[in-house]
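Take a look at this one; I'll ask things after.
Every chain is named by a letter (A, B, C, D, E, F, G and H) in the order it is written, and numbering of its residues begins at 1.
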Amino acid sequence: MKITINGQPKDFPANFEAPLNLYDLLAQEEVIGMMIAVAHNGNVIPKGNYAQIFLKDGDAIEIVAPMQGG
Amino acid sequence: MKITINGQPKDFPANFEAPLNLYDLLAQEEVIGMMIAVAHNGNVIPKGNYAQIFLKDGDAIEIVAPMQGG
Amino acid sequence: MKITINGQPKDFPANFEAPLNLYDLLAQEEVIGMMIAVAHNGNVIPKGNYAQIFLKDGDAIEIVAPMQGG
Amino acid sequence: MKITINGQPKDFPANFEAPLNLYDLLAQEEVIGMMIAVAHNGNVIPKGNYAQIFLKDGDAIEIVAPMQGG
Amino acid sequence: MSLSINTTILQSRLFLGTAGYPSPDTLAQAISAAKPGLVTVSLRRENKAGKGQDFWNIIKGFNIPILPNTAGCHSINEAITTAEMAREIFETDLIKLEIIGDDYTLQPDPFKLVEAAEILNAKGFTVLPYMTDDLVLAEKLVDAGCDILMPWGAPIGSGRGLNNPYALKLLRDRFPDKILVVDAGLGAPSHASAVMEMGFDAVLLNTAVAKAGDPPIMAGAFAKVVEAGRAAYLAGLIAPQETASASTPLIDKPIWHQKL
Amino acid sequence: MSLSINTTILQSRLFLGTAGYPSPDTLAQAISAAKPGLVTVSLRRENKAGKGQDFWNIIKGFNIPILPNTAGCHSINEAITTAEMAREIFETDLIKLEIIGDDYTLQPDPFKLVEAAEILNAKGFTVLPYMTDDLVLAEKLVDAGCDILMPWGAPIGSGRGLNNPYALKLLRDRFPDKILVVDAGLGAPSHASAVMEMGFDAVLLNTAVAKAGDPPIMAGAFAKVVEAGRAAYLAGLIAPQETASASTPLIDKPIWHQKL
Amino acid sequence: MSLSINTTILQSRLFLGTAGYPSPDTLAQAISAAKPGLVTVSLRRENKAGKGQDFWNIIKGFNIPILPNTAGCHSINEAITTAEMAREIFETDLIKLEIIGDDYTLQPDPFKLVEAAEILNAKGFTVLPYMTDDLVLAEKLVDAGCDILMPWGAPIGSGRGLNNPYALKLLRDRFPDKILVVDAGLGAPSHASAVMEMGFDAVLLNTAVAKAGDPPIMAGAFAKVVEAGRAAYLAGLIAPQETASASTPLIDKPIWHQKL
Amino acid sequence: MSLSINTTILQSRLFLGTAGYPSPDTLAQAISAAKPGLVTVSLRRENKAGKGQDFWNIIKGFNIPILPNTAGCHSINEAITTAEMAREIFETDLIKLEIIGDDYTLQPDPFKLVEAAEILNAKGFTVLPYMTDDLVLAEKLVDAGCDILMPWGAPIGSGRGLNNPYALKLLRDRFPDKILVVDAGLGAPSHASAVMEMGFDAVLLNTAVAKAGDPPIMAGAFAKVVEAGRAAYLAGLIAPQETASASTPLIDKPIWHQKL
C-alpha cells in the first residue's frame, strides 16, 4: 500500500494479519525517540497513541520537529 | 392610524375611501418641493413614487435633507 | 578698616603691630576647617597661604564652598 | 612691463610719453563694454575711473563678470 | 492632467468638507477660494422648518460634484441606508463610506468597511472608503470592487498630519493604478503638499480649513499647495543627500580666492 | 502683504538661485515660472570670450532685483572684496554673505561671519548672512547691523529639509521684527511650506529646482507653496490635537442611526 | 515586578527569536546573554537525519518557556494545524499566531487573525497574535479571547523601529490591563527602550540580535535596555518642555557673577 | 573598554549632575544607583552656617571624580575665576566650561566659549566645554586645545532628547579621536541609548534623573542603557531596511503550507 510521508509517497507491504500501525512506521522511518509531532491525514496524533493508529493505503503522514523561528 | 415621522408618532384619520398616500403626507408635513429623500419603513422611495405608496397604521417615515459634512 | 566678605562690608579694628591676615579673618568667620576656596581681591589664594596674606582697608574676600550643580 | 591679468602675467611695452592706463588695457583685452568689474591691485575701480588709473610694472588686474550662483 | 472619477473631470485635487465653519457665509467663501474637486456633505432629518434647505442652497450654487458621506454610521446597515438615501437625494453614485470603529479616534472599522463596500459596489455605487493605512485592508477593498481608496493621515480633526508616512508610501507603491486620496488628520498645507509629493491623487480635508483663523484664506492656501505638490511630484523631486554639494560652481574664481 | 528690502518691494517671497541648471534655456524658463523676489548670482573671471555676458543677458531681462553672493569665500577679506566687486558690477547694496567654515558641509563659519558682517554693514551694504540656526550667532549678527538673517535648513544642496525645526522656530520667536529667510537644504515644496507656516519671511533655494526632473515646473510649484504657506501662516493654522474630533455634526440623525 | 503569562513567571521582558544566527554556537551564546523570558521557535519536517533535533538540543538546555510560532502560514487552517502540532511537540498552550497577509511586508492579515484567534482560544490555546497597530483589530482580538497582543513596530526584519508611535501609545492607553508586546521591526536598543518607556509589557525581537555584528553582545544590550526602559516607565519620566530650565541653582553666587 | 580622562579610568560612561533632587538622601541614593563616571558640582558662597559642607559630605563619600562646572557664568572672566576656585577647592584640573549665551535657552555662547577654553587650557585645565552642536565651533575648541567636547542634545532641563541628530552624527564622524559627550536635554533612557548607539563616548544628565518620579530608579535605568547603548555600538547595529525580510526560514514546511 502507498503512504505519503512528508510529501514523499512510499510503498509498504500490506499484511492483513498484522496491519501496519503508526508506531511501526515511525520506527521504520527511524524517528522514534526524536522530539517530533505527527499528523495522520491532517489530525495531530498524541505521542502515546501511535500504536493505536492503523494505516491504510493512501494515508498521509506528516512528521515535524523544532526549527529556528522568530 | 399612527405613523411615525422622523421618530415622532403622529395620528392620522383613517379614510377607507381615500387611503393616505406618501405624497399627501409629505404635503401635510409641508416638505414637498424641498430637497429631500424619503424612506418608508426603511425602504428608500424614489421621488416620483410618493403617490403610489399607501400608508397604514404603524408605518415609519424618515425624511432627510442635506447637511454639512466632512 | 572695612573688608568686604562675600559682598557684606565688615569693620575690623586696625592693629598696626599685628596686622590682620587672611587666616585670622577666616578663623573669626568660623570657616577654617571647612571645604572652601578663598579669593582675595579676585585672586584665588591657595589653602596654605592664608597666613601670608595681610589685609588692608577696602579688601574684598570671597569664600566659596561646593554646591549642587548640573 | 609685466602686468598680471586674472592671474596670467602679460608683457606690455612701457611708453613713457603715454603711460598705459587701465582703460586702454581693458580695451586691448577687448572687455570694454562688457558687464564687468575691475580690481587694480586689490582695489575695486569704479567704471568711470578706468582712464585715470595708470599702470606700472608688477600691477595685478582682476576682471570679473556675473556667473550663476546659489 | 486633471483627475477624473468615472467620467467626471474634477476641477481640483483638493476635496473639501463643509462642516464646522463659523458661518454659512464663511463656508461659501471657503468653497469659492478652494474651488474643490468635490465637496462632501451629509444627511439630517428634515421638517417644514427646512433647516437643510438653506445649507443646500449654498452648496448647489457652486455646481461642484457632491460627495455624500455616511458619517456617524456604526453599522453596515446604517451605512447602506444612508448611502441609498444620499443617492436618491443628490443623484450621484459617489459615496464616502465611513463606518466608525472607535468613538474616540473615530477610526474606520476595517471589518465592516469591507462588507459594506462589497454591498455598495454591488448596488452600483462608486465607493470612496475612508480607511486606515492598512495594506491588507486596501487589498480587500480593491477585491470588493473599490477603484478609489481614502486612507487616513491621522485621526479626524486632529491636524497631526501624517502619523505613518511609511504605510502611505507603501500603499502608493502597491496600488499604482488606483485613485488614492489622503482623507482626515491634515492640519497644514505642508502636510497636504507632502501627500501629493508622494504621488497621491488627491487630498480631502475639512477641519484644517473650517477651524482656521481665516477659513477662506486657508482654503485658498490648501488649493494652491495641492496643485503645487502634484506638479512637484510630476516634475520629479531631488533625492535627499547625507552631505552637501555646492550649488555655486567653483570655477574661474578671482585671485583673492587663491589667497588662502 | 509683499516683502520689502530697503525700499524695494519684492514680487515674491521665494528667492531663487541661478546655478546648476541643465541649460541656460531651462534657467530662463525656471525664472519665468518662479517669478522670484530675488535672484542670486556670483562672480567669475572674465576675458574677451565673454562667457559671463551670455549668462547676464539671460538674467537682466527679467528685471528682478539681484542678490550677489560671496560663495566659495573662506576668508573675511575674500568676502569683502567679492562684495565690493559685486556692488560695483550689479549696482546693488545687497550681498548674500557666505563664508565657508567647512568644506564638506559647506556650513557657514559663525565667527568670520560676524566680523565680515560688521565690516560690510559699515561699508553701507545690506548684508544677508547665510548662517547656521544658532541663536547667539543671530544676536551677534543683529548687533553687527543685520536686519535680515538667513539660517540654513540643512547643508547646501542636501535636499534634506529642516534638520532642526526647534531652532528655527526659536529664531522666529526671538526676532519678530527681523526679516528671516531659510536658505539652503530644502528639497521639496512641503519643506518650503513648513518654513513659511512657521512665520518665516521668505525662502531661498536653488538645487531643489535646478536639479529637479523638470526645473521650470518645480520652480512654479515652489513659488505657489511659498505664497500658500505665507497665507496659511497669516490665516492662522489649527493646533494639532492628540485626539480626534468629528467634523460632521451628529445632530438630527435619521432613525437607522439609533438602530445600534 | 516580573511579567507572568498564565501562571508562568518570566525571567525577562525581552522575548528572543532563534532564527538567522550565524551559527548554533552564536545562538546559544545570544540566549545565554539575553536570558529571555520566552524563546520563539518554529516547525519543520523531520526525517531520520534529525536536523531538527540538533537545534532542539541547544534550546531545551536553557529551560526557558517556548513560544512556538505559526510563521509562514497564509491560511487559517495552516495556522491551526501548526498550532496543534506545536502544542503536541512543545507541550505548551502558548502560540505566536502569525498569518501573513502580504508577502513583501510580511504584514499580518487582520481578518484571518481574528478568525484564527477565536478558534485557537476555543481550543484552549494562549494566543499571542502578531498584529498590526490597528485599534479596532485589537478590540476584536480581545473579544476573541486574547489577553496578550503583539502589535508590530515595523515590518519584520526591517530594523526601522517604530513606524507609528501614536498608534502604539493609543493601544497602551486603551488596553491598560492586557499584556502588550511590541513584536518585529526593532533595530536598536533605543527602540526597545522607547517601547518600554511607553508602558508596554515586553518586546519581542530576532533580526536585530541575530544579524548584529556580535549577536551575543547585542542580545545582552537589548536585555539591559528592556529592563531599564521598564524601570524608567515605573519610575516616572519627566515631561518634555519647549524651553530650558536651569539644573544648577543660581543662589549665593560669588561676587564675580555680579560683575556683569 | 572603560573611558579614561587623562589617566583617570571612569567607572561609567554616564556622568551625573547633583542639582534639583527632592532631598539630599534621594541624591545620595541616585548616585549609588547610577555609579556615575563623573559627578558635576558647582560653587556657592559659604559662611559659618556651613551650608555647602553638608552637600559636600554626601558627595565625597562616593569617591567619584568630581567635574566642577561654571554654571551661571555669562562672561569669560567669571568662568575663569570660577574654574580657578573650583580647581583650588576640588583639587582637580577638570572643568565643565559653561558660559550662558541666552538666558531663555541657557544655550552656550560659542564665541566666549572658544576664548575661555583657550585661556583655561593654557592654565593647565582639562576643559569639558558645554557647547552647541556646531561643527565649526567644535573645530575651534579643538584648536583651542580641547580633547573633550560636550555638545547639547537639547536645551538644559528640556528633556526633549536630540533636536538635531544629523549634527551630532556629523560631529562623531569628524572627530573620531576626541571624547564626545552629549550634555543636556535628554529626558528618557531611549535618548541616552540613541546617543551611545551613534558612538558617543558618554552622556551627561541631571534633570531627567533629579526630576523623575523616583530618581534613584531612574538613575539606575540610565546607567544601564548607557552601558547597553555603548555595547550595541561596539557590537554593530543592523542597518534599517525599507522592506521586510523573514526571520523564520521557509524551508521544509509541512504539507498544510502547500494547501494554498
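Note that in this section a residue touches a chain if its C-beta (ideal position, glycine included) is under 8 Å from a C-beta of that chain, and two chains touch if they have at least 3 such contacts.
Worth saying up front: this structure is predicted, and the values here are computed from it rather than measured.
**Q** Applying the document's contact definition, name the chain pair with more C-beta pairs in contact, A-G or F-H.
**A** So, comparing the two chain pairs, more contacts are at A-G.
**Q** Check C-G, B-F or A-G against C-H and flag the pair whose interface repeats it, over half of the contact pairs matching by residue number.
**A** A-G
**Q** Rounded to a whole Å, what is the gap between the Cα centroids of chain E and chain G?
**A** Measuring from centre to centre gives 35 Å for this pair.
**Q** Could you tell me the distance, in whole angstrom, between the mean C-alpha positions of chain E and chain F?
**A** Here chain E and chain F have centroids separated by 30 Å.
**Q** Measure off the straight-line distance from the CA centroid of chain A to the CA centroid of chain H, and report it in whole Å.
**A** Spacing between the chain centres: roughly 63 Å.
**Q** Could you say which residues in chain C touch two or more other chains, in rising order?
**A** If we look for residues of chain C contacting two or more partner chains, we find 6-7, 39, 42, 62, 64, 67-70.
**Q** Where in chain G do residues touch at least two different other chains?
**A** 17, 19-20, 42-45, 51, 69, 71, 81, 85, 104-105, 107, 156-157, 160, 206-207, 246-249, 252, 254, 256
**Q** Using the touch rule from the top, collect the residues of chain B that touch chain E in their complex.
**A** 6-7, 29-31, 34-37, 39, 42, 44-47, 62-70
**Q** In the complex formed with chain E, which residues of chain D make contact?
**A** Residues of chain D touching chain E: 6-7, 39, 42, 60, 62, 64, 67-70.
**Q** Considering the complex alone, what residue numbers of chain F touch chain E?
**A** For chain F paired with chain E, touching residues are 17, 19-20, 42-45, 51, 69, 71-75, 77-78, 81-82, 85, 104-107, 155-161, 187-191, 193-194, 197, 206-208, 210-215, 217-218, 220-222, 224-225, 227-229, 231-232, 234-254, 256-257, 259-260.
**Q** Tell me, which parts of chain F touch chain H in their complex?
**A** Within the complex, chain F touches chain H at residues 101-102, 104-105, 107-111, 114, 132, 134-137, 139-140, 154, 160, 163-164, 166-167, 170, 174.
**Q** Contact residues on chain E for chain D in the complex?
**A** The touching residues are 246-249, 252, 254-256, 258.
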